[in-house]
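Okay, handing you the structure first.
Chain naming follows the written order as A, B, C and D, and within any one chain the residues start at number 1.
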């Protein structure tokens, strides 16, 4: 598991110290992944197959493989406490495949994915103001609609 | 569009200089995105809804919205030359939503997504050796099977 | 709700009389639906857009809309006892859209969907013999793998 | 391939006689399929796993398998003239799996799928009047939005 590099703990509103939360490694970045995957595709002369709609269907296929890992399990708790090591490894592979195709799809569509996420998150903060939607499932669902 | 930070051009096998390719910005990283989304969810007290299977279904919903943008277009060329500015902006929003839910799903499953991608890419390089699969669609398809 | 047309009740192994189970209407058939949708598409001169991959992406979009109805709900019981009438109506619309595109995709791929299902069900009965997989989740999961 | 049972040819607007079009067999109906699948699930004592969200994720998994068959092919013509017999058989299996899970999901949600489709098709005819949307892709896309 990745470690945080935060120098001092900040206590979140839900009372869970930030440094105890699960975090990601700082590397590779999305641009690192894009570059590695571009190199992988170039080396195999596969750009001819990696057109946007082909990549989108490949992404759908990988999302399907993630779904297969969750399909018969009923509700699943955070951290997957009841999953075997093999199941967790399969999940890490399938989530990675989704990310790889998502990155390459964005590249081939000339979408700067890291910057696009910043824009979308700013929109989401406007759309769901924390003080208005805070709390109940009812409000949440209504806002979603 | 993001700029590369490569000091000198490297010529790829397909004859396209690396520095002319579309690239991503170096920031935010996947960990930056994870942290921003965790803060967004905490502030709204929405962790109670963001269980793994809920996030997976939300991811499926966002992939569906990407598919809707591509569904009636037939084949689409790299860079989306025939798309309007509005369509490209919608796509950047929907791809971002897929990434946001993918990152939060990985976090809640305790999968260190950046490191998992490195592992999966190493496996992919082994599974599809460049010198064996290079070139034809036929070989490519067979390897996929 | 549709009524069964069974003349006499048959008791299932799980003790639930067949005639109390939820059933579908006998009409329209899959062929009826195919013909109605073909007429709809012809009338609008939309066959030019209804190529196989376009229909597949439209299907993915509709599955995404079904997912959106389920995404924040946690586990959901048979018959959707906690859903509002409006939610149930939305679900019936989205499931219908999935079926419509599935039927048209099969037609455009020249797959005789009703007969194909019979073949696949026969394979499934062979693959998962009732006397071997009966019962536990463990056996079930192993068979799935 | 299934045969039509139309007694006399009707000429469609696009000049293709109806009786030359690909059609489905009249059986099994959706209710036949529902009943067969219910029997299959009962015999294996699998209703405990076939909750609505589990079935939805299984459906997503099967749609992913359909996508995998189309993902590297670029545009595909009606009737799949370039596909091998084996590929066509795989497609017929995967489309069947999508239908089986769709039918069982509808059953477990108490949606009378055949009747629901009739309702949705009536709505679609209202939403897209043939005389208004007939023809160009531009109009079609605008209506979709």
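We take it that a contact is a pair of C-beta atoms (placed from the backbone, for glycine too) under 8 Å apart; a residue touches a chain by one contact, two chains touch by 3 or more.
Everything quoted here is computed from the prediction, not taken from an experiment.
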Report task. Report which interface contains more C-beta contacts, comparing C-D against A-D. Result -> C-D
Query - Centre-of-Cα separation between chain D and chain B, whole angstrom - result: 29
Requested in this report: Could you tell me the distance, in whole angstrom, between the mean C-alpha positions of chain C and chain D?
Outcome: 9
Report summary line: Note: chain D sits from chain A at a C-alpha centroid distance in Å of 31
Report summary line: Check: chain B positions touching at least 2 other chains come out as 49, 51, 53, 56-57, 60, 63, 67, 70, 72-75, 137, 140
Query raised in the report: Which word fits how the chains touch one another: line, ring, star, complete or other?
Result: complete
Report summary line: Note: in the complex, chain C contacts chain A through residues 53, 56-57, 60, 72, 74-75, 137, 140-141, 144
Query raised in the report: chain C touches which residues of chain D in the complex?
Result: 1-2, 12-14, 21-31, 33-38, 40, 42-49, 51-53, 56, 59-60, 63, 66-67, 70, 73, 75-80, 88, 91-93, 95-100, 102-103, 105-121, 123-125, 128, 130, 133-135, 137, 140
**Report entry** For the chain D and chain A complex, residues of the former touching the latter
**Finding:** 49, 51, 54, 57-58, 60-65, 67-68, 70-74
